């Protein structure tokens, strides 16, 4: 039972780590700020989500799980808001908030 | 071990960046990153209480404060950059600083074995406080005088900042006024974040007696949420001359001091708690103290009054 | 070399780096940032002392850890006061420099 | 399991460090804010892995605070950038 859960954790964490790798490659390779923004936020938020998912198989009790999920949701909310605003600043002729 | 080496190198790299960056904005970003990495280091050093404080104050609120200051000072940057001292002075400074670092490194390498520790004494006496978190026990019981004076230091710093207000806005509203944009993304995010943040703050406060957490961390989160609401224009700071505000600011230290004095009658010493009531008394101190510290921290970030009070 | 020692050396270097920035940078805001780096280094040295003092079932000696928490809060108060002084200087003179001759 | 999680934390941190090098050089403030964003997400991921690897569940609260305060600092960034532009205009 616990072995199965461990395998699931390893799979999800590896997938999450892969998305962090993808995000960084995107950052290094994409030409302008908007593309980099896209690479960064999509990949890293998904990476964090997968890592949270992987760790959910390890925690004990619903409260600890709830905390992990809220960490992810908070990061998503902050990421979504800030990305919007950065994009507005970075776009040629765009006006910030 | 490999992880620790990597983390230490990363911390040093970000620190070097913070010092050498040409642009002040980049340096401030570097400093926020530095604080976040230090929080990881504190977890590695088995100090989750410190990690919480570092994440909240060291990185978060200090970062916000420095960013705000940089916004005002941006135009002065090019003028000041011309005042860089000469190469000889810089070299001398580098040699001096290298010597300081080498001396400290030698001390770290020559620390006595076995390491002196007060942990057994804390473990032996923690039961009398009724608390489960040794760090909170140290802050609120064994070194309570430190903590009391620390809250006074915070108030003194706030008085110092308020006294920098020009005469015409004396006792007025701190900081600029922000207009809320009801359709704005920021407003929406703040409306979601602030209640969650307050909930997290209460949680951190409440678990502080048995697990990592406590009044300073909780107060910082509450303060940050208030500043966030103020930044997007959901709330405005009250004029600093309001009586209720001043009562709020001193309530925590005053209750702390009063219970400390009562210690003479109840347990024979200043800030001594009679064992059966220790936990109750500590909680009685902590609740107003958290609110006072939160208000003080928020107003420290808001700065001196900038707008005259309306009559 | 153990991990705490490694972080101790890291803290020692941080103090030197921060001190260098404090001396060399002409902009006061940079000096404030550098001062906070020194603080980070000093706190890290405390953290190493705490970690080495792990005993009685605790992961570290709680007394230095509590000192660091106090220190972080006081460092923040000092930073806020320094920033307020700097901004007042800027609003009075229109410049942000520590040179008296101008 | 602990070793695997620690290695994963190290990997994520290394990725973040690589990304940081690219972004800290700028040129614009947008890239620098992205740096903070990247470090926020990556740092939180590394921290969560670390917490599980060292089995100090209480330190999940650190990640919770980081997530909240990262949002706070990001808003300060954006507000600051907007204000600077208004000043310059």
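Should a chain be cited, it is by its letter among A, B, C and D, assigned in written order, with residues numbered from 1 in that chain.
Assume a residue touches a chain if its C-beta (ideal position, glycine included) is under 8 Å from a C-beta of that chain, and two chains touch if they have at least 3 such contacts.
Bear in mind that the values here come from a model prediction, so they are computed numbers and not experimental data.
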item	value
Which of B-C and A-B has more C-beta pairs touching across its chains	B-C
Chain whose Cα centroid lies at the greatest distance from that of chain A	C
Geometric centre distance via CA averages, chain D-chain A, whole Å	11
Separation of mean Cα positions, chain B and chain A [Å, integer]	28
Distance from the mean Cα position of chain C to that of chain A, given in whole angstrom	31
In chain A, residues with contacts to at least two other chains	70, 74, 77-78, 81, 85, 97
Residue list for chain D, restricted to those that touch at least two other chains	29, 33, 40, 56, 61, 64, 68, 70-71, 75, 77-79
Residue list for chain B, restricted to those that touch at least two other chains	44, 46, 61, 68, 70, 186, 189, 193, 196
Chain A partner contacts - residues on chain B that touch it in the complex	181, 184-186, 188-189, 192-193, 196
Interfacial residue positions of chain B with respect to chain D in the complex	2-3, 6-7, 10, 13-14, 17, 21, 23, 25-26, 29-30, 32-33, 36-37, 39-40, 43-44, 46, 48, 51-52, 55-56, 59-61, 63-64, 67-68, 70-71, 74-75, 178, 186, 189-190, 193, 196-197, 200, 203-204, 207, 211-213, 217, 221, 224-225, 227-228, 231-232
Chain C-touching residues of chain B, taken from the complex the two chains share	1, 4-5, 8, 11-12, 15-16, 18-19, 24, 27-28, 31, 34-35, 38, 41-42, 44-47, 49-50, 53-54, 57-58, 61-62, 65-66, 68-70, 72-73, 76-77, 79-85, 89-90, 93-94, 96-98, 100-105, 107-109, 111, 115-120, 122-124, 134-135, 137-139, 142-143, 146-147, 150, 153-154, 157, 160-161, 164, 214, 216, 297, 300-301, 303-304
Residues of chain D defined as touching chain A within the complex	1, 4-5, 8, 11-12, 15-16, 18-19, 22-23, 28-31, 33-34, 37-38, 40-42, 44-45, 48-49, 52, 57, 60-61, 63-64, 67-68, 70-71, 74-75, 77-79, 81-82, 85
Complex contact set, residues of chain A against chain B	70, 74, 77-78, 80-81, 84-85, 97
